[in-house]
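Consider the two complexes below, in which chain A is the common component and chain B and chain C are the respective partners.
Moving on, here comes the complex of A and B:
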């Protein structure tokens, strides 16, 4: 299967996919060579042991080529949180679509552009960040994305700039996406003392299409900066989604992430955060809701490299049907990272007998003066709570729904942007079956 | 640091003496002839030799697990080890009085005077394994009155071949893993226990292992069978003399608890840990597993203070409905010790329950990993697991790691996992010091409190030993 990608890579010469500053091509090429060498991860690879990548590795995938003629703003309305005024970059089948996009009012010092455009005009910025954060050695999927790096969104928020309203990177697929692979590459740079909120959505207009999205988002949060990052994965339930978000945080910065996964046959998301300096705060919240034969796979890694930092992580899952969830949360504490305060929680609710959870919270600690805890639970609704609800006159089905919703709401509440929170809340409720 | 602390820091491994007795040692190296030699020396039946050879052929195709355990060590040269070492005695031992006095002296140094124990109130029966041969089993006659079989493995093969053949490899098959296969091929001796139906073993059974000869490996195999409704508590202790080179210890323990039976297995492991530069010490690569039938209970308690490398995961297959599995562990690493230890609880039966309490203490440059698996299979309705896994770090050159795997395939089950890692509480130390305790005692008290949940599971005499051992292991780790 690897050769097909190499052929696609060689065939793209002379097309837009091969464009960009001259420093970029060697990066792409060496990433391609790396992927050609490694191929897809083997089943024995610990990082991929529980992830069913068979359909990806054995499939044949054409490069996604946009094809957005028939998509209208009305069709996108359900995905924009009622805020058509927010700066929104729309990508249809992996390709940036200018006519559907909105560049709202941005404060001076802030820039939002498609990667293709930024590659033409913001070379210096990209040179310092693009492909500098997410290591190609990290995974074959990263290598593959880097090899085909050409489309995506770039958000740059200059020193001390407060990006008043959120920026939305909206990836939409249509019926034409079937059998294709897209490798979106996003870059979010929040400079010193700046504040920003970025939403990243992967949605579909063609449920039932089998395509593959292989996105990477690189995030740099400079000293004293603040970023809220919301990631929504609602791909077609027959699609494959393997994504990576890599975050590098500097001194006194704050990164807050919320990740929702409801779509895709295989929805994998790796979230890696490296805390490079002191007094950093990292908050990671996640929710996955699966049914049928879906697999939701979340791998998070928090690297505490320096002292006096805090990380807080809560991932919750609700599983129905024969679906499966995989969670692997790693926390690394280096010897110099004294006074680290890290807490990680993964809770799973099983709604059916066929569902399965593999969770592996993992701590690797090399410093002594730290406070690190993790907890993981798997189970069904608490009998006592159900009994209580019913004793108060709530019918059994409604009680179960209420309790399940409450379980999810605990993390959805952590989304600070009210319009987004309300929309996600509605989404989760409708997925759980009304309320 | 006070002078007492200094002296304790520099304290040598207390059990590092070598007993000078002539041993019968097999030539170094491993091949089918060596296995035939071991089998012949032990006058084994044909089926056992065949079993060994099959294991050996399987082992040759296996690779040593290097990639997943969180330990690093110089690879073992399996051809540089002698696979059989026996104190030179001609005839089978009739009674303790016939045992070489030097051997008995060794045990006295270790603090288990067999001859003395005979006079004592009959609390513990000891089967002592010296290098590869069981040197004497106390209280055998008394146990036999109730039909309890407690003897060396070799003796069991000769006298109770049907029982051995039925259960050998039934929990840990010869092909289970690299070290278990090696053990199956070359195991030299070990203990065998059989508790008949409905019998509650009247005393604690105990084995004491010791590696004496240089460049030998110890490959003992323990098989404990508790028949329906029977119960037994078994204790195992280990020491080894101090040597520069690493020695391999690849043991296998199999526990079979039939319906309504209960087995409690306690270990205090104090193999030589190597010197402060990580030279020498025992490689402790052990496979321990129990199989619990309906309403049966298997409980593992371990205190791991020794060994250069510890690689062991005492596990329970909860096969029967309402079966119970427990794992209580204290693992201490100091110096350059590395431990990768934990448990596996495989829930198959309905309403099976498991409890895991693991306490890891890392000091010096030690690296301590907890690796555990809780697996709930689709048929395990109502299964429950509770895991608590705490680590304490003393000093900033050590590490604590946790790798818990939780795999749940049944929605009516419930699993909980909690883990924490923290520094030894400064405020607690401060409080104890202002109450007049010195630092060492204060630390000892805090650490003992940290491990209390596990120690309370140990039989009395072991609990006392474990607390002392813990103290010795950690002396000098706090400045």
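Moving on, here comes the complex of A and C:
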């Protein structure tokens, strides 16, 4: 199957999707060579042991080619948080769609553009960041994304600039996405002392389609900067989604992430955060809600390289049907990273007998003066709480719904932006079956 | 209102209630006392329909219905309320949301219109006064991180909002300071009406100074071994339970 990608790669030479500054082509090419050498992860690969990538590895995937003709703004309305005025880059079947996008008023020093546009006009910025945060050696999926890198969103927030309203990168698929693969590549750079909120959504207008999204987002949070990053994965439940977010944080910076995964047959997200300096705060919240035969797979890795940093991670899952969740939470604390304060929690709620969770904390701590804890639970609805609610007149089914929602609400509450939080809340409620 | 006949109930292999007889009429207050582990909470939970207990014999009629035939929510909708000895925490659901959900479910079951959150707030404000509480408590998660006393007070608030016909208070007085005890007792007394009834489970005569019972029953080892007027509580206070347990031992 690897060969097909090499052929696609060679076929695109000379087309618009292979354009870009001179320095980029060698990066793409060596990424392609790397993937051609490694192929997809083998079954014995520890990082992918619980991840059913068979349908991806054995599938035949055509490059996503847009096909935006019939998509309207009305169709996108459910995905924009009631804020059509927010700067929103819309990608239809992997390709940037200018007419559906909105570039709202941005403060001076802030810039939001499609990757293609940024490659033309912001070469220096991209040269400094693109493919520098997410190494191609990281995984074959990263290599493949890098080889085909051409579409995506770029958010650049200059020194001390406060991006007043959020920027939304909205990836939407239509019926034409069937059988295709897209490799979105996003770059978020928040310079010294700047503040920003970025939302990344992967949604569909064609719930029955089988396609594959292979996105990467590289994030640089400079000294003293603040970034809230919300990631929403609501792909078609027959689609494949394997994504990576790599974050590099500098001194005194704060990064706050919320990741919601409800879609895809396989929805895998790797979130890697490296804390390069002192006094950094990293908050990672996650929620996955699965049913049927879905798999939600979250791999997070937090690298405490320097002293006096704090990371706090809470991932929760609600599983129904015969669905499956994988959680792997790595925390690496280097010998010099004294006074590290790291806490990791993964809690899972099983709504059915057929659902399954593989949860694995992986703490590797080489400093001695640290506070690092982790906890993982897999359980069912609390019978006591259920009876308590029923004893107050709330019928059993409504009580179950209430308690399930409450389980999710505890983490949704952590989203600081009210319109985003309210929309996520609504999404979760409707997914759980009303309320 | 409530007629319990030879009620027997077990949890697992253990028989806890071993033949309870108790009749409660509208307008009455009954106190149930008895040593630790005698089955007081089990009786209360069985009346509320807790699934951990299996009724192995006897009957319970409530306002002409077979109570044991009803689901827990149906009992609540029919006007049965249990103030838990150990109120349950529900993280992630606000006290206000929970109580309004309960209130509306009960209204729905009675064919009444649901109330919206504005109207409910008005009602709540009035009921909060009854238990001398600030509205801030309503935006916290149900019982989560509440102190022992706050949890008990929350039970009484729920009772005040849901206006049961039969209220069963399981040790609502334990863990309350003197002021809170007075507030809770005053709340209960204000809700007393000729057409409703209250069963108060307690260890302490003190509560019965505030909520004056018509009858006092002593539960021991899963049976009511003695019933009397309010003076029985004073006697128990003075003499303890041993003399009664001995009677039971001799009888069986």
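By definition in this document, the second predicted complex is superposed on the first by the 435 of 435 C-alpha atoms of A that agree within 3 Å, B and C clash if a C-alpha of one lies under 4 Å from a C-alpha of the other, contacts with A are read in each partner's own complex, and residues count from 1 in each chain.
Here is the rule we go by: a contact is a pair of C-beta atoms (placed from the backbone, for glycine too) under 8 Å apart; a residue touches a chain by one contact, two chains touch by 3 or more.
Nothing here was measured: the structure is a model prediction, and the numbers come from that model.
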Joint occupancy of chain A by chain B and chain C, clash or fit: fit
Partner chain(s) touched by A:210 [first = chain B, second = chain C, both, neither]: neither
More chain A residues in contact - chain B or chain C: B
Contacts of A:6 with chain B and chain C, given as first, second, both or neither: neither
Which of chain B and chain C A:358 touches, first, second, both or neither: first
First, second, both or neither for A:371, with chain B first and chain C second: first
Touched partner set for A:405, first chain B, second chain C, both or neither: second
Following superposition on chain A: angle at chain A, chain B versus chain C, Cα, nearest 10°: 70
Contacts of A:18 with chain B and chain C, given as first, second, both or neither: neither
Which superposed partner A:106 touches (first chain B, second chain C, both, neither): neither
First, second, both or neither for A:387, with chain B first and chain C second: second
Distance in angstrom between the closest Cα atoms of chain C and chain B, superposition on A: 14
Residues of chain A defined as touching chain B within the complex: 46, 335, 338, 348, 350-353, 355-380
Contacting residues of chain A [partner chain C, same complex]: 382-385, 387-396, 398-399, 402-403, 405-410, 413
Contacting residues of chain C [partner chain A, same complex]: 48-52, 71-73, 75-77, 81-82, 84, 87-93, 98-99, 101-103, 105-106, 109, 141, 158, 162
Sites on chain B touched by chain A in the complex: 68, 376, 378, 391, 393-424
